[in-house]
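Worksheet: one structure, shown below.
We just call them A, B and C in the order they show up, numbering each chain from 1.
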């Protein structure tokens, strides 16, 4: 008798446990009778509330998947069936790559009236002249973050992060272009350096970082700072902002050499089966009120000037949320490299992580 | 010969299960003592307590005067031969036998010498490099014996060692074991449920049932003078009569049974109005065509059973009980259906106290007090 | 003369085809074909858009001989080895106690080992990260009891990775060990003790040799998967110490160099095959590998 009860209990809990695995992403009365939309976006970059609002207003069922690096996104998109994702959110250089590989479809701007809210300075970027394929979303910098309670020394540049006093304290992005670029800048070279002799020096300098970094994290680097496992590092600027809200002693610093900058954009895949819905989504996000909702939760640098006005002072005067103009002016974007140079970067990264 | 093993007041309980009850046994040096009984009587438990695999709940166990009940098996100077042999399957016969010496850190040369000596003694020479899986049951048994004996234990414990062997081999091994025991002059404590085995090999037998020792005596004594009803019925065949003692005169008791009065020899521990049991072996039963003096039994011949050398005659009494009379084949016997008057010589029977007698005696004492 | 029945099979091929056939075809598609694909890819190149170009090159294998990659292989082997040894040392007493307890709770103890298995190991490793962090429970406990004054850095070290690996793989060690130890004949242990062996001696002379098949099985079941694991070193090791798994994963994701990833995978498969061969030669039980 006892054995039977035990067996029954176990079976029930097994079933219960397996069922909890089912059904995860935002299920909120989206009837799906207006069709579907598959969005592929950065982690910690799109609030559920905004997605739900879209679903309610349009009746479109939205599926959100996430990634934490451009290369991861590219690998996934290429390995899935064509059209598995309708909307992507690649960074600057990645947009160029996608265009070159003919993976995007041109946008129909008649369906994107809200494009008028985007600031002029953000229109017509070098990586997509004339905004044929993309619309800017948010961006920021690979900013330096410091917990003043734990670190005495003054950190003002990327070069300072290599100081041996910071041994075992740092968290940096798990992003080889960002970290190698930062290293190149710290010794006065280009973010997108190609000269092999100079790259050899960058490689040596990079090794100096090894002892200082304990964590490579592009998913949610603020966690390590909030929990106290790390005291400083180089992470996304908005992540710094979020960390600052939890731990007041945390500060943001834009490096003297000029920060690593990035800007992410909405694009529609060439094979997208739901391009109508994709355009509806992109237009929806550019609505200032919706963009403001996003900025509330993930306070990055924003291309939507009308949305920024809605945010008020608290946002615009916070250097972590809204990087100051001079930091942006000094900064540099990641650009695409040729295969052999990319190989050198890859090898450097392998060496660092071994 | 002195006492070598002494169990005093030994009890073993598993939870509420009282498996061994207040055991008192002394084993003499150099004797072959058997614990005999059916399964569940506590004989194996007792043996395991002497070996050290179980700890007595209360009581003491002494070997050569030294109390060992708290010692681990490897601290005791006794060795065991297991029912399932328990040979180490991953070791050669040589290594199996040498194991005990290796544990005692005996020098290699001496080990080699003694192992070969022992192997010769159990007639296993040449098998040293084989593995247990390559041996027959009988051979494995001999390895088990050699492995135990090589340590020159003061006492060898054997737990139904011949149980798995066929009849012929078993008889052969019984003789070998007895021979070994006499030759090495080691005390053997042997456990079995096979009474024939016990009677053949033992110097003394302890008959156990239900956790107590009913009788501890030589095979002859046990057979001829069983101390309890259980012993009488357990060993050999017998005819059992329950009745009440009506008179005791000059060492002969008159016992009134349901079927009438009989006479049997008795000692002075019996008193009138005591419930007692009479036990008479079939071969001691006699009969007559007319009533024999002192015996009131009347029976009718039911059947004959031919068992090779003897003939068993089954007769039935008025109340339905049956008696067995045994005769050598070839002797004259009454026909089936005829009426006979069974009797026996009083000294051929045994009078046994009926257990419930003790209760009456106790009650009596309380009354008197 | 009786004629042979028409239905009598002249050989064993027909039954064999019917029973084994479907499985063989399945294996062909699901295992053999992908393996061939990976092998082919390992000899290919990429262009600047990370697309695979089907032109033969041995450059990928050439890279593997570089000290960086060899160092990573060596590290992975070392970590896998240490993990395996720790699993044996911790797992054996554990399995022994469960297997030989006469308590009625034996089933319960066995389940306690298995149940955590039912939760995704990724989630459990994240759990460890939270637990060991500077503001995690372990540090909180240490601070509250004044054993330390500042939080201790448990995370993001090679040791943390090993801890996570051992935690993930202990059940793989305990299960085969349990099976082997349960089969152990208790009377052998009694015999050993009876013959004068102290418990430690009995352990080395009787118990370990007779359960060695379980130990072997367990070692293989831990060592081989351990080589390929990457998420434990990512999450608990901070992404600091790359193992072969990390390297391979990166080629298929961020580095977008599938041919190199394929070459690394082929090497890993070869290493695994060699290990299994060694296991077999040492007398390992091939039938119980799936325990």
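Here, a residue touches a chain if its C-beta (ideal position, glycine included) is under 8 Å from a C-beta of that chain, and two chains touch if they have at least 3 such contacts.
Everything numeric here is computed off the predicted structure, so don't read it as measured data.
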{"item": "Interface with the most contact pairs, given as the two chains involved", "value": "A-C"}
{"item": "Maximum centroid distance from chain C, chain identifier (CA atoms)", "value": "B"}
{"item": "Averaged-CA centre spacing for the pair chain C and chain A, given as whole angstrom", "value": "34"}
{"item": "Distance from the mean Cα position of chain B to that of chain A, given in whole angstrom", "value": "88"}
{"item": "Intercentroid distance (Cα basis), chain C paired with chain B, Å", "value": "58"}
{"item": "Of all residues in chain C, the ones touching two or more other chains", "value": "none"}
{"item": "Complex contact set, residues of chain B against chain C", "value": "51-53, 72-74, 78-80, 82, 84, 86-90, 99-100, 103-104, 147-148, 151"}
{"item": "Contacting residues of chain C [partner chain B, same complex]", "value": "185, 187-188, 190-198, 201, 205-206, 209-210"}
{"item": "Residues on chain C engaged by chain A in the complex (per definition of touch)", "value": "46-51, 68-69, 71-72, 75, 111, 118-119, 133-136, 151, 153, 155-157, 238-242, 246-247, 250, 252-257"}
{"item": "Chain A - residues contacting chain C, complex", "value": "10, 14, 17, 69, 71-72, 74-76, 78, 97, 100-101, 168, 174-176, 213-217, 227-229, 336-339, 342, 346-347, 349-351, 353-354"}
